[in-house]
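In the two complexes that follow, subunit A is the common piece, with subunit B as its partner first and subunit C second.
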Partner chain A sequence: MQIALLGGLVLFVWWLAGNTHENLTERGIRTGFDYLWRPARFPISESILRYDASDSFFWAYVVGLANTLWLSFLSILFATLLGLVVGLSRRSAHPLLSRFAGTYVTVLRNVPLIVQLLFWYAIATSLFPVPREALNPLPGVFLSIRGVYAPALTLGPGASMLLIVAAILLVIAIVAGFKLSAGKRLSVKAASVGLSVCLWVAVVVGLSGMLGHPVGLEAPALKGLNFRGGMVLSPEFASIITGLTIYTSAFIGEIIRGGIDAVEKGQWEGGRALGLSERHIMFRIILPQALRIIVPPMTSQYLSTVKNTTLAVAVGYPELGLVVNTVINQTGQAIESILIMLAVFLSISLSVSAFMNWYNARVALVVR
Partner chain B sequence: MTCKTTLTAMAVIAAFATPAFAQSTSTLDTVKERGRLICGSSQGTPGFGAPDDNGYWRGLDVETCRAVAVAVLDDKDAVDFVPLSGQQRIPALQTGEIDMLPRTLTWTLQRDANGINFTTPNYYEFTGFMMPKSLGITSVEDMAGASVCVQTGSTTEVVVNDVSTKNDLDLQPVVFDNTTAGRQAFFSGRCDALITDAGALASVRATMADNPDDYVIFPATPYMDALTPAVRHGDDQWLDIVTWSIQAMIAAEAFGLTSENIDDYLDSDDPRIRRFLGTDPGNGAALGLSDDFAYRIVKSVGNYAEVYDRNVGMDSPLKLERGYNALFNDGGLMFPLAFQ
Partner chain C sequence: MTDISFKIADAPQKPPKAKRKPLLKLLFGDLLSAFLTVLAVLIIVGLIPAFNWAVLDAHWVGGPAACQGGGACWTFIGAKARLILFGLYPPSEQWRATIVIVLIVAMVLVSLSPRLWNARLLLVWAVAIAAMLVLMGGGVLGLDYVPTSKWGGLPVTLLLATLSLGLAFPLAVLLALGRRGKLPVARAISIFVIELVRGLPLVGLLFVAAILLPLLLPPEWTVDKLGRTLAALTIFAAAYLAEVIRGGLQGLDDGQIEAAEALGIPYWKMIWHIVLPQAIQNVIPPLTNTAIVMIKNTSLVLIVGVFDMLSAARSASTDPAWPAPSTEAYLFVAAIYFIICFSISIYSRHLEWGVAARTHG
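After this line comes the complex of A and B, so read on.
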């Protein structure tokens, strides 16, 4: 029976593919994936990978994918942190805090994400002045309608070595600070760590001097129409990340609250009977147990977040969806492009799901 | 947005995956049987294609459809308009959702080679930049570092890159999927410049700017684009009908025929005009239409000059000069083919 079903499915897919191919040929529409290696020629407004319009369509997809992953990673990270705060606030005994968190969740869950994104984009592009009248709250930092410009690190020869050595020394300095003051009072600990960090700064500055100061700061400057140099947080990226984080945090907050509420009341009572503080009970007893309940719904929330990143096209952030749209228009190869997008999102979702399942198996109650 | 594009693409896949359906009947028969012509149109570019206050579609491209509807169905209002985004338009034509696509569509080799056929240009223009006059920039060379609002689904995406590379300008594109969002971003000051077809820029300036005189439009490249209505690949008769319906308006202007005076020419002695009007038969029948199709187009829609002036020219808010869209003997590129 199952074999017959499988056979039927294979035949059906075969029939679909055959028809598609026949119809496409009949209408003189090119098929195939060889366009992937031709130069893309269209611009991508911002990317975390280096992209030039002379790169291939394939690379354009990769750049779009990298933007999607970066966006997904940051919004999941921020939304989880914010969601934890929201979830704990909703359970707070303080009525003002719990009411506020309740309103936050209700409002955000009931307004469509696309509307929220357009709202944030409207704010990002109307709050700040034009570049010539940019706000300058800190030296080297400029706020304008074109985004937030801040000084960026410039790396000269020997810079990577210096940064690696500095990072290792910093870890050693902090660990040493704690070790030396082990068992002492908190204030002594802080003083000890502070002292070793000061020492670290002196050593790193000295080391940098020996290498001829390879690491510098490049401040953005107004040249012609726009700021050049430095690093920039564009209004497009800022609005999509803000919108996604805040929207998702409302759902995550509810998942976390639900998880905590689902832990038996006896666990709290047991903790109190042992004389533990409320905070200790929460972080040492309740949350670890709540995790088992939280992880499965959290997985689907993370998957939704990844899929929601495609709404970034509405505010002009070039994630994979926007790149695919553009490629379809430039090449007319809609079927191939959509197949690639389907494959990519399927792999991302399956990877996220696989990771979360692995994590779930780790935190699950081990029954012997 | 993406969702819509994905749906369109899914529809494309679905449509192609079903056994060949409309291939046996010609588009002409389909349109006649349906009694309506279905036209792809823009999502709102006044002057070229947009509904007016009463919901009646007006514009240069819209009238191209009306001309075909007159030729085939003898009724300029027997047209349904389907608003399509830049990415949706070509798949919509290929899958048979629309019968013809007159939507500020640039005739390019890649599009021509890939499943659609172009008819005859109904508008020539350059790709332009629009910038606020206050920036004091009036040519491409001075634009170094400018950020440019670009809409995806158009040839301008490639133009903005070509211009930037060629003149070493380091233009910073901000690409929008949604036409309106891109235009609003420009007016809010997110970008220094907006790039698209010059006619569309004039349309945006006339309809969206608080004070149209505050904005300047200049060419982005030295090249002209031929905006050309397209039809599906593989139906030569339909290709001819759309081509010659557009040509009828251009030829009428060359002959000096207008919707007002055309009846005076019905007994003309000029053999060329007699053939054009169908007084001497043959032309219409060759296309599978009635012999007076050109007469009916001019009578109810008008000649090219009338259509131009009313929609984008001096009688419209866009106030565009004829320029390259004048007839060949006035220094333009509009050239009537021989109606014989």
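After this line comes the complex of A and C, so read on.
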């Protein structure tokens, strides 16, 4: 039985390899990884790493990967925060809020992500006004058909020094806030940390003023037909980050709610018997225990979010999948490109699960 | 002998409901509640422009010329429904695609009742699917031949979903059994296939199928685009279903298999009559979840250029005669997907109650 299985497998792979070889020679495609070092000669519309068309194919992959990771990081971060809000809202006794969150989850979970992405992209590119009539929901933030414009940090001479000092001061401010309120109630703790951060802002702004404003905020301003200055999010990036965050937050909300529901009800009863408030029970007793249940499904959710970033090809944001596809179209090096993509996604999967397993082991209940 | 572990019967314990409070106190009882109330009201107020756009300012009648101004252009959906639902399918043959949709919906409705689940139903499904393919493709029985490149819209979405799930299921059972089984070679192959497929995004797998399949197969075999995407969707669904079924197998009491072995029941008979029915019953909720995921995933075939409902909607909205109504087109498609997926999740909840009632009743 075993031998037959193994033999069949070997024959099958051999047959596939033979076909591939024949097809490749017929089409005159060279194989091998030496193409990686040739110049890529195709543009990548936006990237967080510096790229231009004369860079090598290898660098193009790296740029695509960086975009994938950046997108994953941001959408996971935002989706976790939003998902926590959604999950807690669904569990809350507040009737308006829990209904609202329930509808949100039901609708978003039952519509394919790619439809949602295209929907946001359609809104960003057709319903938003031209730059001249841009929507201005927050001061300094403009929504227009050309993208989302927001104030950006500008760095003048001496900025790096100031940033380093500011970072050190921030750590000191937070630690001091915790130290000063050690053993006090949570609200006192939060208030004292908040106060020290306010103090930090004042000191940093003062320092910046003394040094002649090396770090400033530059708001986008309308000049001619478009905005100048500030930070711009392309419609592609804005729509994919919105779509991924909102879609993922519905799933994370359900995971968190499930975790809360799975905590034994005796824990609630115990808390009530001690006369604690519902809110106190939730944040001090239930949530910490729910975390143990939440971590494993959260890991798979994070992983699928990373994989979902490849849907960005639908709106044309150049993450790894789009770069790989372009490379294949340009060079015909399909097998190599796909192997690279496979290796990248497998290593991301494995490292995320390794990290989450470590974290899981840390928060796991120690029995005996 | 009734205490076979039916995992899903132990529904998660819900925390007890807090004591009922009067509505006013709930909404404005303390600072946080009041804040949340204001927040919820603000969100609802924030949604008013969207409501205006979709209903009050919307255009319900008239042609492209009527759709000037701010509101949604629902007349577009009316005008383009044919294109979105049937794609490029020849209008004169459209009745065939309609029958296919009706047939799939009818088959699904028939299969809803667990009482009808037996080998005969499988046979009926096989016949029905063959009939659908003949109807779509034609070329026999006096029907005109319609190449798969002309197939499009909702029938393609539904066919891809049912076929990929149907073909993936037996594959998934084999993979799951292989992974749980005693043969090291089979176990290694199963683990390799499952983990490889699950590690890749579906978009990547679709690229692999679209580009690599023609390279891997002999030059004289041609698999068209639809077949390649179906292959990718099937292997993807199989890997995920296999993990779900493995969960069901793990939840099965070892005593069941030992008893069957002691009675000298042959392996495949034991699997078919004893192991699978119990294992699958245990994993109905995750199975339906996977089904929903796969139905949503069919929309991804747009990326490799298969003309499903979403691509049809996208190409419909590029008609220059209409003022860029893509938002409405996507909302329409989203509504169809929502109806399908939401019904499945309601059905799954209903099935769970059934199982719980039978095991605890």
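Note that the second predicted complex is superposed on the first by the 262 of 368 C-alpha atoms of A that agree within 3 Å, B and C clash if a C-alpha of one lies under 4 Å from a C-alpha of the other, contacts with A are read in each partner's own complex, and residues count from 1 in each chain.
We take it that a contact is a pair of C-beta atoms (placed from the backbone, for glycine too) under 8 Å apart; a residue touches a chain by one contact, two chains touch by 3 or more.
For clarity, every value in this text was computed on a predicted model and none was experimentally measured.
By the touch criterion defined above, A:L16 lies against subunit B and subunit C together after alignment on the C-alpha atoms of chain A.
Touch criterion met: A:T331 reaches subunit B, while subunit C stays clear of it. After overlaying the two complexes on the shared chain, residue contacts for A:S126 are found with subunit B and with subunit C alike.
When the two structures are aligned on the shared chain, A:R279 is found in touch with subunit C, with no touch to subunit B. In the overlay built on the shared chain, the residue A:G321 is in contact with subunit B and with subunit C. By the touch criterion defined above, A:D34 reaches neither subunit B nor subunit C.
Looking at the shared chain after the overlay, A:H94 reaches subunit C, while subunit B stays out of its contact range. Residue overlap on subunit A between the subunit B contacts of one complex and the subunit C contacts of the other covers 16, 19-20, 22-24, 26, 114, 126, 310-311, 313-314, 321, 324-325, 328, 334-335, 338, 341. Taken together, the subunit C residues at the contact with subunit A in this complex read 12-16, 18, 21, 23, 26-27, 32-33, 36-37, 39-41, 43-44, 183-186, 189, 196, 198-204, 207-208, 211-212, 214-219, 292, 296-297, 299-300, 302-303, 310, 314, 317, 324, 326-327, 330-331, 333-334, 337-338, 341-342, 345. Contacts from subunit A toward subunit C in the complex involve residues 1-2, 5-6, 9, 16, 19-20, 22-24, 26, 92-97, 100, 106-107, 109-116, 118-119, 122-123, 126-127, 258, 260-265, 268-269, 278-279, 286, 307-308, 310-311, 313-314, 321, 324-325, 328, 334-335, 338, 341-342, 345-346, 349-350. Interface of subunit A with subunit B (complex): residues 16-17, 19-20, 22-24, 26-30, 41-45, 53, 114, 125-126, 130, 145-146, 223-226, 228, 234-236, 310-311, 313-316, 318, 321-322, 324-326, 328-335, 337-338, 341.
Contact residues of subunit B toward subunit A in the complex are 1-3, 5-6, 8-10, 12-13, 15-20, 23, 86-87, 90-91, 94, 110-111, 113-115, 135, 143-147, 150, 152-154, 157-158, 160-162, 164-165, 171-178, 181-182, 185, 188-190, 192, 232-234.
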